[in-house]
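This is the structure I have questions about; it appears just below.
Naming follows writing order (A, B and C), and every chain is counted from residue 1.
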Amino acid sequence: MRQRQAIDLSDLPTYGMGSRSPTWWGTLGFMALEGTGFVLAAGAYLYLAYINPAFPLSAPVPNHWPGTIVTLLLLASAVPNHMLRRWANDCDMPKVRIGLVVMSIFGILPLIVRWFEFPALNIWWDSNAYGSMLWVLLGLHTTHLITDVGDTIVLTALMFTRHGYSGRRFGDVDDNVFYWDFVVITWLPIYFLIYWLPRFS
Amino acid sequence: MSAADLPAKSKGIRDTSLDDASLHRWLTSTWETKRGIIGALSAVDHKVIARRYLITAFVFLCLGGLNAVTMRLQLSGPERGLIGPDLYNQLFAVHGMTMMFLFAVPIVQATGIYLVPLMVGTRNIAFPRLNAFSYWIYLSGGLFLWVSFLLDMGPDIGWFAYVPLSGPEFSPGKRADVWAQTITYTEVSSLAVAVATIVTIFKQRAPGMSLNRMPLYVWAMLVTSFVVVFAMPAVMIASTFLILDRLVGTQIFNPAEGGDALLFQHLFWFFGHPEVYIIFLPATGMVSAIIVTFARRPAFGYLALVLSVIAVGILSFGLWVHHMFATGIAKVGASFFTASSMLIAIPNGLQIFCWVATLWGGRPKIGTPLLFVLGFFFIFVAGGLTGVMLASVPLDLQVHDTYFVVAHFHYVLIGGSVFPLMGAAYYWYPKLTGRMMSERMGRWHFWLAFIGFNAAFFPMHILGLWGMPRRVYTYPVDLGWGNINLFITGGALVLFFSFVLFTINLVWSARRGEPAGDNPWDAGTLEWATSSPPPSYNFARIPVVTHLEPLWAARAELPVAAGLRVDARELVISTVAEGHPDIREKSAAPSIWPLFAAIAVGATFLWSIFTPWAVVWGAPPIAIALIGWFWPKGEPEDE
Amino acid sequence: MKATGLHRAAALLPMIPLSGCTGIQSALDPKGPAASELAWLIWFFTGLCSLIWLAVMIVLIWGLSKRRGDRAEPLDIDEAGDRKATRVVTGAVAATVLMMIVLSLLSYFSNRTIAAIGGQNPVTIKLTGHQWWWEVRYESDQPRRTLTTANEIHIPAGEPVRVVLSSTDVIHSFWVPALHGKKDLIPGFDNELTLKADKPGVYRGQCAEFCGAQHAHMALMVVAEPREAFDGWYNAQLSNARQPETDEQRAGHDLFMNRPCIMCHKIQGTKAAANTGPDLTHLAGRQTIAAGTLHMSRGNLAAWIADPQSVKPGARMPTMNLSGDELNAVVAYLEHLK
């Protein structure tokens, strides 16, 4: 088939930020499916709470303090996270490096407190279905937390190497910021379900 | 080609001024999958991965078919002792799992992996390494199930594995764990493909391919991928809960400790009903493509067809409870789900009417692909109508879990998906191999499959109404079901034989088939604008799209875009709605790390059925493999 | 033209016999008000769906067999033809909507009709599913009139009977097609349905939810009989088991009481009082053995006791390793338990 050159793409940029980039859409896709997982797990918990006349099944309510500290840390992390986004969009390498180090720390801190959250649930996973669901919800979120902290640390290391000087890498930082927001936002309803629902019902 | 032919690799050689021959040399050296075993294991070319998927899924189809034939031999007469309940129960569970998770979903996704990038006019799928990873995970999941089955460890709890039967108390041993982890493997792989497909369709369409110029098949794959994204997490949650109950003693499904058995069914069918549409919607895309080409006119009611596909995708989430009418859920809820289940008949009906109208308004020529589409109409419409019967609560209570349902879902799945897939195989085979399939064998294949299918499955409706429940390994003499079952077994053998013939045709035509040329059917979509089989880079120059059927609109010459680099894997990234070219982005180079990651992940899943600590010990190797995967290697693609 | 082949195949379909003498477990041979309502519904849906199917096929084949000019440019579209097609497609969609509304309403009213079947102070049966048999308990205000049996339900013909369904192990489903649609037996909560047979007769039912190895052999018989016969049966069932009369039966009785048999079974009036397996107090009065697996006969009883695992592999009943004489004695005793 004969061809005719109709347009020239030479002047297009070689990377884009946010929704211009395919990686952003990929991240969004994974957030959608993981978010569905969170919603269904939370739905399962509410379903069990609904069909059991007495919930939380005669267990003591959880101690909310470790969870509350994690919540505050995660909320506080939103500030440096969004500063990091601005710096990544400006391709400002020194600031991006600082931002990533700060975000790595903001990732590790809640993980440490998270360790104390499990015993503070005041019930074991195998005691009854209520205990199982608390552990599942907390475990599900912890998996995301660990994954994203790991991702942030690797990215931080990467940005300290020569490979960091690339538009794509700044795009990766941007996507990391995006995903961290997801980790923070999904925590809030889970925090409510784990620590406050048993108190209200 | 020797190294001397190529100019020194300076940064950024563009295709603008290259003649066709040197353009081909450059693109080949940039995009080709390397030879040798390491090259093969590192492949990221969507066509290479798709071929592996297609072949693997076809092998699983044959294995699942063998399961079915074995079951039919056992059921050919009352109280036959060919196989006992222990093996029979594994056979039907493994048959269902193989057909749903290892054949139907992977093969429709694989077809998408092959065709979508070609149809939207790009050079590779988005996230090609993720795509390669998905194949390895799928392969390990399939091997896991089948090796377990051959070791007499196959699941014996049906493909939906209801608790408490699948729970720790009533399924000791590893069989139910094999069910749960097979689910996990295959869902991880389908989810990965779904995300890659969505992003390819949203961001990698050729310049000018706005949403309203997107082929119907691509629309179908887009909606399917969204359904996968929102449905599959449900079954992963269900299987994870189950394995937690079994391995670490959680009580989620244990009614004695505040858990609930029906929770599992809700989670499973929240996935399970959309699953049917995950299998069916891509088939509607294939039907549209074949009908348009064979009717020799654009689809009648393009917009209506797009909207029905979207509507079906959305509505498919609203009717899971019709699988649970017999569990005694509240009457009001049941009536709601009757209405919602009936509702989905409307967009499905609309699709059928539009296709028929396309054939009416066109100049149809009969070929094997269209023959299979006609078979699809004959069978699927019948299956859809028995679906309407199942949606009715009271009626469902008589036919639920009987052979009527077995007949219904085979009409819907084989009629609705396998017949279009067979049509698609004849239709796109020339694109994959460069040769036509034998038309003569194709017609024999069709008629044997059509007759065998109806002989095998139509009488099952009657058996179900006569009271035969599904999943029984035998039945008593005095109920009078013997003759009809013998007839069914005969039909099943004919159907099986038709697939033997199909396999012969596939192999024979690969060597002896007539050379196809670029566009043997004179079709209108972009995959036919390149050679058969397509080169590693798909298109020497990216087409510019000005019409829904670009090749019909540009009979004389095809407008193309210039300005891409040829010394690095560069793609055009376009805007989501209009398809305006926006970025020239690099596509990932081949890498062995997705394989390593798949091995680490697969080994963790496998190990986890023996100890929960596997998740802890498996994490570091997975992390290392992922770092290896994402860490830049100084290739031009990393710049 | 292959359309003729399609025509021929379509013409063959109605020749497959749909009804006729379809047995004691058929939804098309209803013997109670619920099943009759459902059979009517099945025929109505089938009729309407067949018509629609036929209409679509006729239009499709007709469209294909039209002769047309060949090889025109695919983008030259007959605009007028498409406008006509738009009207036809719109009409077809409207018809689909209408049909769905009619069918939804029909099933709604049908459901209400079935739910309305009931009566004052019905006989109440608590049916419990076990892997792989049915425990049947007739409830009564007076504890002495509570009755336990297995795998066979007797009901008074023409009267509604309330059946409460539950399970102690996995999910089963209770289904007697000639009388009623199915309903699941689920551990953790009770389901309920109202069974009513119009006329005396024997109707077979079978577990309809896969429940493990012997799902295929989990049947039960529903015996509908006139009220007097039912009352007679009921009173007879309340009595203790018959005492052994011959030496052989006495030997069988002693074997039963000294072997593991009594660890699972109950024979009222003897020291066998376990309830893991079916109650055997009036075993020989039932029509089948092992939940519908075998007809009740001396030979089958012997075959079952001698080697249950080859009759019903996976069943919970172990092989007892009885000698020939011992087997004969146990069978003689059990056969005597009318």
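Points worth noting:
Criterion: a residue touches a chain if its C-beta (ideal position, glycine included) is under 8 Å from a C-beta of that chain, and two chains touch if they have at least 3 such contacts.
In this text, all values refer to a predicted model and were calculated from it rather than measured experimentally.
Shared contact partners of chain A and chain B: not a single chain qualifies. Among the remaining chains, the Cα-based centre furthest from that of chain B is the centre of C. Of all chains shown, B has the CA centroid lying nearest to the centroid of every protein CA atom.
With centres taken as mean Cα positions, chain B sits 30 Å from chain A. Between chain A and chain C, the centres computed from C-alpha atoms are 51 Å apart. Averaged C-alpha coordinates give centres for chain B and chain C that are 36 Å from one another. The set of chain B residues touching two or more other chains comprises 260.
On the side of chain B, the complex with chain C involves touching residues 84-86, 89, 156-158, 162, 164-165, 169-170, 255-256, 260-262, 296-298, 300-301, 304, 326-328, 331, 334-335, 338-339, 342-343, 345-346, 349-350, 352-354, 356-357, 359-361, 363-366, 371, 374, 377-378, 381-382, 385-386, 388-389, 391-402, 447, 450-451, 454, 458-459, 462, 465-467, 469-476, 479-480, 522, 524, 549, 552-553, 555. The part of chain A that touches chain B in the complex is made up of residues 1-16, 19-22, 25-26, 29-30, 32-34, 36-37, 40-41, 44, 47-48, 51-52, 55, 57, 125-133, 135-136, 150, 154, 158, 163, 166, 168. Touching chain A in their complex are the following residues of chain B: 14, 16, 126-127, 130, 191, 194-196, 198-199, 202-204, 207, 229-230, 232-234, 236-237, 241, 244-245, 248-252, 254, 257-260, 263, 266-267, 270, 518, 529, 541, 544, 551, 556-564, 572-573, 575-576, 581-586, 623, 627, 630-632, 634, 638-639. Those residues of chain C lying in contact with chain B across their complex are 1-2, 5-6, 9-10, 13, 16-18, 21-28, 35, 37-38, 41-42, 45-46, 49-50, 52-53, 56-57, 59-60, 63-64, 66, 68-75, 77-78, 81-82, 85-86, 88-89, 92-93, 96-97, 100, 103-104, 106-108, 110-111, 114-115, 131, 169-171, 173, 175, 177, 180-184, 186-189, 191-192, 204, 206-216, 292, 313-314.
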